[in-house]
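Going in written order, the chains are labelled A, B and C, and every chain counts its residues from 1.
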Amino acid sequence: MSTASVATTSSGYLLVLAVMWPVIGILLSFVVSGRQIERLAWIVLPVGLVIAGATLIAVTQAGQSQIYVVGNWAPPLGIALRADGISVAMMMATAIVICVTGVFAHGEFSQPPGGPEERAPVVFWVLLFAIWSALNALVLGSDLFNLYVALELLTFAAVPLVCLKGKKETVEAALRYMLFALIGSVLYLLGAAMIYGAYGTLDIRLLSERGHAEPATLIAASLMTIGLLAKTALVPLHLWLPPAHAGAPAPGSAMLSALVVKGSFFVIIRIWFDAMPDLLSFRAAQLLGALGAAAILLGSVLALRQQRLKLLIAYSTIAQIGYLFFVFPLAAGLATGVAWSGIAWTASWLQLFSHAFAKAAMFMAAGLIAEALGHDRIAELGGIGRKLPITMLAFALSGLSLVGVPPSGGFSAKWLLLLATVMEGQWWWAVVIVLGGLLAGGYIFMVLGRLLASPTEVPALQAPVSRWRECAALSLAICAVLLGIWPLQSSDFLFIGR
Amino acid sequence: MNSATLFGFCSAAIVGLGLFGLIVSPHPLRRILAFNLLGSGVFLFFGVVARRGAAAGLGADPVPQALVITGIVVAFSATALAVALVLRLFALTDEAAPTSEADPKAGAEGGHS
Amino acid sequence: MTAGTVLASSFIVPLFMLVAALGQRTRERLSDLLPFAPLPALLAALVVPDGTIVVLPRSLLGITLSLDKPGAMLLGAASLLWIAGGIYARQMLQDAARAVRFAIWWLTTLSGSLGVFIAADMIGFYFFYTLVSLAAYGLVAYDETAATRRASTIYVALALLGEAFLLMAFVLLAAATPGNSLLISDAVAALRSSPWRDITMLLIVLGFGLKIGLVPLHVWMPLTYSAAPIPAAAVLSGAAVKAGVIGLIRFLPFDVSLAGWSEVLMVLGFVSAFYGVAIGLAQTNPKAVLAYSSVSQMGLLAAVLGMGLGSGSRAALLPVAFYAVHHMLAKGGLFLALGAAAARRGSALLVLVPTVVLALALAGLPFTGGQLAKMAIKDPLGDGVASVLAQISAIGSALLMLHFLYLFRAGIAEAPADRPSAAAVVAWLMMVFAALALPWFLFPTLDGASRADAFTLQELWGAAWPILIGGLLAALLWRWRTRLPRIPEGDVLFIAERCAPTVSRLGAAFERADGVLRQWPIASMCVALLVVLTALALAMPA
């Protein structure tokens, strides 16, 4: 494709809107009073959802990428926003999770009536808008430096979420997260500098035409990849995740686990499947897959051994991230058009989306349980299922999706992933996938058994739980289940713009 | 050895030092400083890239310079946020002594408390 | 299309009842619905013509349903058992604190249990199989004692393991099927030429073997049936286990003879058939004896399927389904008899006589459905060693059932005064009647079988002598009854439980590894190391 053909498409303005609309929300929140900010969110969230939906429809109908060339300066000098199949899918999932999180946060992050204005609610809503904007910029960015900026915005919005409640452990967790993410950022930036030095451009399209295997490129690529792994918390770079995700308030954990770690993963995908599609060697793909396998095993076993519910869910996130990395060994043939690579590709995205919905629902359910009981010790959860049936249903449905029980997005993802391992002849991943499902079954049933048990004295609820918030968690769990309707084959939609 | 190569080596050295500092320093503040050192090395590297790309006759390739400026802004905000967190942490622990080894155990405790 | 609707309603109606339970008023009366939930399935088994195929819309996962003769037979019998169980459970749940929860698990298990008999595609089959396997957890865990907790934990662990085996097997089948078809028939047809044929077969045998309790994968059965409340034990031992039988019927490639696999199934089957009897004799809990009898009976079925697999024909399938139907009804009736006996303590004899008949029917008592069942599987077993072994196993069954009857009678004498329950007796009588009568109706549908054959002297004697020998052996054993060893329920389970500390140590090792990796210097060193490794991996050609 020549550079001249890059021009703004008819629906390109939607992409700008998608990035800027939450920013407008942020700017307005500095203007309105703290009490108004939640009302502001009631406008920002649905409109943002509509924008994401409109983009999705536009891309689906056009059957090709929608592009917006900023200031009409074509790359490499200018920058472009580009929405292909995977980016609009990410946008849509982000919009859904963010909107439901907004509903869920109502009450927890509302200004107390009558009393003095609090800071945490204001900060929360601003961070929510910021995460949304950063994620949209991230999935729409089409040049490596833009992606860097979006990634940093995402990190800066995510870190304060961890310590919103201001407790000492959470501040420690946030600092740890921040510093480790910064290592990742610097490595990424260094890699980007090397790429620019070698090719004189950071535009992903142009790189895919120019890129070739030379030492500088390979070193740059590995620097960027590992930098991003640090932000994705792939084992062994997961030190920050358990305290951060378990320490954050429930709506924060939901966004961190469901969306933020997926952001950096998305950039890794951009690098290896868009910018340098031919350079991923068999060994490197196997290395990434092996790290994913280690994550599944370590995360699942550790989840089984946790005594606190939120930590269990955080370790489960570590495990579930591992599945995403099988896309590298299994879909490596995508560039050369190997037929079944499409299956692995579809499977990985299904896994990403179903995990996003299921994990957000699960963190919300755990948050409600912790709020109701005043603790989240698994051993003492007995009987809470009877008090909070909807919460328990949300936990159960999302848990079953994680285990891979049909019908659920988790099952479809696992089925397709296993199919791809068989087709590719890489059965060793299948063993890990099946084992991971077993271990996940173990920790989900461990918790479900507790929730379902009815001890002689049912614990008293320390605080009333709002039905709305329970339904918010349930709706996301249902989203994860509904993804199971997706046809069990390679999806054309995820190939739009490839 | 021309100047670009010399600066290139310098930037590599600074990156190495920064990385070393990040790995071995136990204290958050030192880690933030190490991160800044590391960042400076990377920015210097951008300068080298700009200088090398200027062979076409321009004084220097303007794009890396634009990137560096953005990068510096980002690194500055990152530093500000990290320092704010450190300050907050010290306020909560009542330990002003910047030599205390607060961090590695913190994660472990956060994991079990 | 109406036939399709009726067929689909057999699993949709129970699931719809679950959805309706979201409403407060339905939820409070949910247990009243239990006896009615299986009615659509019964209707489908009666009226839907053989060979009906229906593809559900995508919103229902695009599941394909079909009804063939073995499926219809099992579907009808299973729905009868679920109705009887539902009648009993409804009574049991009156005023029970956990009634709603039990009813929810019941309906979920039920829809899965009935769905497996009519699913024609792998995703649908896996869906129903998962429902019946995992939801049974809630039925087992109902009583919330230490024993039920242990049983339900072991059950769910093994159920998940079975699910994992089957998931992999189905994926391998799908991978070997040309095109995008997920139909079971297409997949099994392609299995012969599949490059992963043997591993697929292994996974199928392991997965379904776990469900039907092939030794040594049977350990969950005695624990589960002892722990579950009576109606749950009845439907689990009768109907839910048959998910494994239908699985073997559907997924084994009977059109071709597979070298080796027929022998594997036969050996596993006969080992289970005898092992179940031997360990069952060392049990003191009547529920556990019935469970070991299931191990033995299902083992025999596996052996018959193994013979069928060796002959390369589908002729064995209908007899196997027929045998399974009889076992389902009789075993369900025996479990319900335990409840009926407690309810009718005053007239013990009235309960005892039908129970004796039902118990010995499992060993092939003349004039019962059991005799017909044994006759049905005679052809597939042939005249060789297998036939002899089957007859010996019938002796074993007779012996085991006499042991059960001894415990049963002792149990009636000692039973605590329970609330007399008409429903328990009705449910039990329904199963006794079904177990004795239904096989006579179904028998002529088998190829080349007629009821008249059953009354020839040769057949009657053939059915009677194993029971007589069993009786003689029982009399001999009676003298040594105090010296019989007592083996805990779940026998070889203790080996697995002995490994628990090792597993726990392994988990602790993972935890230590995590602790090390999560130290800052280690993690940041890992970053540097991974950069180098990745660069090297990228640079090295494959």
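Methods note: a contact is a pair of C-beta atoms (placed from the backbone, for glycine too) under 8 Å apart; a residue touches a chain by one contact, two chains touch by 3 or more.
Because the structure is predicted, anything quoted here is derived from the model rather than measured.
A.B. asks: By the touch criterion stated at the start, how many steps lie between chain A and chain B on the shortest route?
C.D. replies: The distance in steps between these two chains is 1.
A.B. asks: Any chance you could check whether A-C or B-C wins on number of contacting C-beta pairs?
C.D. replies: Ranking A-C and B-C by C-beta contacts puts A-C first.
A.B. asks: I'd like to verify one number: the distance from the centre of chain A to the centre of chain B, where each centre is the average of its C-alpha atoms, in whole angstrom.
C.D. replies: Measuring from centre to centre gives 26 Å for this pair.
A.B. asks: Roughly how far is chain A from chain C, going centre to centre by Cα mean, in whole Å?
C.D. replies: 41
A.B. asks: Would you kindly tell me how far, in whole Å, the mean C-alpha position of chain C lies from that of chain B?
C.D. replies: Centre-to-centre distance between chain B and chain C: 63 Å.
A.B. asks: Provide the list of chain B residues touching at least two other chains, using ranges where the numbers run on.
C.D. replies: 22, 103, 107, 111
A.B. asks: Give me the residues of chain A that touch two or more other chains.
C.D. replies: Only 176, 183, 239, 242 qualify.
A.B. asks: Quick check on chain C: which residues sit in contact with 2+ other chains?
C.D. replies: Answer for chain C, listing residues that touch two or more other chains: 518-520, 524.
A.B. asks: Per the contact definition, I'd like the list of chain C residues that touch chain B in the complex.
C.D. replies: Interface residues on chain C, with respect to chain B: 515, 518-521, 524-525, 528.
A.B. asks: Quick one: which bits of chain B touch chain C in the complex? Just the residue numbers, please.
C.D. replies: Chain B reaches chain C through residues 19, 22-24, 26, 103-104, 107-108, 111.
A.B. asks: Residue numbers of chain B touching chain A in their complex, please.
C.D. replies: Touching chain A from chain B are residues 15, 18, 22, 28, 31-32, 35, 38-39, 42, 45-46, 48-49, 52-53, 61, 63-64, 67, 70-71, 74, 77-78, 81-82, 85-86, 88-89, 92-93, 102-103, 106-107, 109-111, 113.
A.B. asks: Can you tell me which positions in chain A touch chain B when the two form their complex?
C.D. replies: Going through chain A, the ones touching chain B are 76-77, 145, 148-149, 152, 155-156, 159-160, 163, 166-176, 178-179, 182-183, 185-186, 189-190, 192-194, 196-197, 200, 239-240, 242-243, 246-247, 311.
A.B. asks: Can you list the residues on chain A that touch chain C in the complex?
C.D. replies: Within the complex, chain A touches chain C at residues 176, 180, 183-184, 187, 213, 215, 218-219, 221-223, 225-226, 229-230, 235-239, 242, 279-284, 286-287, 291, 297-298, 301-302, 304-305, 403-407, 414-415, 418-419, 422-423, 430, 434-435, 437-438, 441-442, 445, 449, 452-454, 484-485, 487-489.
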